[in-house]
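Letters A, B, C and D name the chains as they come in the text, with residue numbers starting at 1 for each one.
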Amino acid sequence: MSDEINVNDNNIEDLPAKGMIVQEKGLGYTLTVDRKDLFKTATGLKEAGFDLFLFVSGVDYPNHIKLVYRIYSTKRANRMAFVVKTEVPKRDPVVDSLVPLWSAANWHEREAYDLFGVEFKGHPDLRRIFMPEDWVGHPLRKDYSDGHMLVSDSDTQAKPKLSVVDSQTDDGDEDAGDEGKSEE
Amino acid sequence: MLTSVELVEFAAKNGIPIWALDASIALVLALAVFSLCGLGVIVLVYMERKVSADIQLRLGPTHVGPRGSLQLIADMIKLLSKEDVFPKHADRWLFRLAPALVFIAAFVGLMVIPIGPRLVVQDLSVGLLYVLAIPSIAVAGLIMAGFGSYNKYAMMGGLRAAAQMVSYEVPRALSVIGIVMLAGSAKLSTIVDAQGFWYIFLQPIGFMVFLVSTLAEINRVPFDMPEAESELVHGYSTEYSGMRYAFFLFGEYIALISAAALTVVLFLGGWHGPGPELLGPIWFAIKFFGVVFVIMWVRWTLPRFRIDQVMDLGWKVLLPLALLNILITGIVMSI
Amino acid sequence: MDKLEQLKTTRADLDDLSAEFSSNEESEEGSKDIKTDVLTINFGPQHPSAHGVFRGVFEVDGEIIVGIEPHIGYLHRCFEKIAEHRTYTQFIPFTDRMDYLSSMLNNWGYVISVEKLADVAVPERAEYLRVIVGELNRIASHLVFLSTAAIEAGALTPYFYYFDERERILWLFEQLCGARFTYNYMRVGGVRVDTPDGWLDDVLAFTERLEKTMVDYDKLLLGNYIFKKRMKGVAPFSAEQALDWGLTGPSLRASGVNYDVRKADPYSVYPRIDFDAVVLYNGDNLDRVIARSQEIIQSINIIKQAVAQIPDGRVYSPGMPRYVTPPPGEAYAHIESSRGDLGFYIISDGSPKPYRVKIQGPSFGNLQVLPAIATGSFFSDAVLIFGTLDAVFGEVDR
Amino acid sequence: MDLTKGQLIQQPASKAGILQEQAPGAGLILGKAGDLLNWSRKNSIWWMAFGLACCAIESLMCLNTARYDMDRHGGLLRNTPRLSDLMLVAGTLTHKMADITQHLYEQMPEPRYVMAIGGCAINGGPFYYDSYTVVRGVDKIIPVDVYVPGCPPRPEAVMYGIEQLKEKIIARGMIE
């Protein structure tokens, strides 16, 4: 039973790059690594008992995409979770795939590829997962927009703009298959 | 066997040949059985919907006609008036022939089943053999439907039907051999008359094997492999719509009628019951609906087997049991 | 010109065919095996047991599956992008529609993350109410799971019984928040409304009833010989395999890994409640079904204790602004949803709208194991395996 | 109920009605046959399980269950479009799913009806007005007979929608 386990939060001595591990508010143990070192660090974490890969996600910033990995250990005594962050530049969004370590990374990396355009080197089957194969653009980037999207906003109004609501009601007999496939 | 002496004399007087008389009488009787069947199917589908509703805490059809009794009429008229979709790549003749074949194969099996003393269209001396053999033609119809539809689900359904029905023919035929041994005849009326004591008590193993393999023969749960809805959308009849589907539906329920009637004849003493002989058909009907209810009860209670488990059950359990039944019957009879 | 092309292609086809025939003859001479062809079957996106819109391209050799290629995204509604254009409160109804079978738990997962981000305290009564509605919703979700598992195995009747019980839960929710299905009940800093009079007694009465009826239903479904035969030993996966594929929730616990967020990373008032995480060890289809059935019993336990412990007081923390505006920062919080570890990772840039919301839906992680475990099983079983993974496509595709 | 019936019958004359003017006897027979057909169609609505999202659970699955039980009115859930009269589009329709929806609609034999259930199927939903994947209403790709609003609508609302469809079926002529 997990509640009998003595939770010892400081037990991070055997982890790789332990010097760089910080405890972020709201996130817990966080390690920011260069993208070149990602695979090496992940291998070290896997060997240290982190066996459950929960997700990888991108965050779009103006010049780079931050990738956030969350992994968890069911084996270690303190059952800790761990967040690994890395950054890829937008011009060259390539990073090593973690599928060789955790099979679970497969779909999550495909999702990040689909929605952010991050390419994972060494992924066995890197295709779009949500959007159709012929979709243009990566929707979760901040600069992505098409006819229906709200304009990416500097204004912080709580309400959606009324003009947009109007425009979607009269978008006519557009062929559904083509709708929304407009360019970025 | 209803050709009475008077009729023959009447024919001889008017110069009608005997074969024509036989043929016309058979035709009239067949039509009578046909319309009875139509009625029977409507009653059974209504009954099935009510029984299932009762098992599932529901009410079943209530709004169409008194207590929903016209529900099936509405369904049938609607099905007959629906557009007849013919899939583009379907095989013309196989696709068209299949429902008719299934329907006819189920229907002709009823011709030899006696529902009362002398109340039978044609009391063949090999009636039991006939009634076991003829409905098996239906499997050809199912394969044709599956193959002709140009649909993969239908094709798998058809193949499953073939595997399953061919396998269960064997234990089903073997399970009734004990009855033939006891009654000394394969004539169904003789078998009924021989049942002073119902064969369900003399042949319990035979009855179990017969009932289970009958369920498999008529594709009811837990053996509804050919139309397993969760895997093969609608099995062999996936591509059928409107009238053609109605034929499949009719075929399915007539097969149910035929199977239940045969069970009554073979194991439950047919028309025998207390009271005068005139009440025979009523006793028959009561037993018949009892068997039908059991079959429906099973259907709405049990999950479905997997195809390999179906095969295992047929060949590894039912077949040895049927053989054992013959052995026991033989030993007991020779003592 | 066209005709020439056509002729050429037919010619080429014929050549191919003849080559095929000749190769067939050769191989038949060589080996006595029956040559079978692989049939590609399209399962879904609209299929009676596709649980929504899942498309699997199944390659079957006879009845055995030799390959599966899952396709998802037919219900991709881009919640994560929409979240960037809504205020924190406005996004709560979207979480209802994500894993639509356990809307309350989704609400909870989201608001708990925003509360962590904005450092909002929640009144104790609200925490207990969250536990009660969350566990009720877990029961409702598992009832749907059991009924669909029964349907996929071919038994139609249990579906009606389970849904009848579920209707009672929906009735309770309707009394509480006015909606049967998409509740929008939780708020950042509490819950929307307090309970109506006598609601907690109704909840207790319902749990007492369910405790009795679940025994019958378990006998009907789990005690059935055919059902057990269909489910037992089908597609087992070991703890290592399950962890490698990132399974969470009851599917993972059925493989013998004790990972329940309520225990491993306790949130809300779960530490004060005595319950067990259901852990089973075979990891096959039957265990995955039993795990759900057992969890219903555990949830009943939790609800009973929560109703006994619930204090009076506020249900919404005082002084909460209409639009929550968390300080810049990042937060991740997760809860045990009825399908597994449901997490929300939110980044705030100090504006009333989140900069980024990442939804970690357990169904997404659970479903990707399907090709790995269903290959080699029967076609009929693949449908069952798919069912026991319990994917809800609102959450897979988001 | 009777009120609506009266209103609906006063619609333009059906083909059967025109025939009745030209050849009274034939028209009567056709009219009676049409009545019978419409009666059967209205009382035996088999719908296809076409669940896309949340509404499917609430309005498709619950509609069958003991508490609502459309079987009382002759409604049955069918798995194949070939056997269905009514397509209940329940849930959010995305562009990826649109082709398939159209395909399934074409597979249904005439006469066929479509009911759009829930906000998403009616016009893209109350929430997804700025989504890049959602089709703004199923009537963009297939004709819809009845709209049932709600997010999701209660099963009772869907039942009411089916009653409305019945009125529509009666009002239609036999030869459509």
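The rule is short, and it goes like this: a residue touches a chain if its C-beta (ideal position, glycine included) is under 8 Å from a C-beta of that chain, and two chains touch if they have at least 3 such contacts.
Treat the numbers as computed from the prediction; the structure is a model and nothing was measured.
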item: Shared interface partners, meaning chains that touch subunit A and subunit B; value: C, D
item: By mean Cα position, the chain sitting nearest the middle; value: C
item: Centroid-based (C-alpha) most distant chain relative to subunit D; value: A
item: Centroid distance [mean C-alpha coordinates] between subunit D and subunit A, Å; value: 42
item: Distance between the centres, which are taken as Cα means, of subunit D and subunit C, whole angstrom; value: 30
item: Chain centre separation in whole Å, for subunit C relative to subunit A (CA means); value: 21
item: Multi-partner residues of subunit B (at least 2 other chains); value: 56-58, 229, 233
item: Multi-chain contact residues (two or more partners), subunit C; value: 48, 73, 76, 78, 81, 85, 160, 164
item: Residues within subunit A bordering two or more other chains; value: 130-132, 139, 144, 149-150, 160
item: Graph class of chain-chain contacts, one of line, ring, star, complete, other; value: other
item: Each pair of chains that touches, named by its two labels; value: A-C, A-D, B-C, B-D, C-D
item: Partner subunit D, residues of subunit A touching it in the complex; value: 130-132, 139, 144, 146, 148-150, 160, 164-165, 168-169, 171, 173-174, 176-177, 179-181
item: In the complex with subunit B, residue positions of subunit D that touch it; value: 36-37, 39-41, 43-44, 66, 69, 71-74, 78-80, 82-83, 85, 107, 109-111
item: Parts of subunit B lying in touch with subunit D, wherever the complex brings them together; value: 49, 53, 56-64, 68, 70-71, 73-79, 81-85, 229, 233-234, 238-242, 245
item: Complex contacts: residues of subunit B adjacent to subunit C; value: 52, 55-58, 152-153, 155-156, 221-222, 224, 228-231, 233, 300-309
item: Residue ranges of subunit C touching subunit A (in the complex, touch as defined); value: 72-73, 76, 78, 80-81, 84-87, 90, 116-117, 240, 243-246, 248, 257-260, 263-266, 271, 276-277, 323, 329-332, 341, 343, 345, 347, 351-353, 355-356, 358, 360, 364-365, 367-368, 372, 397
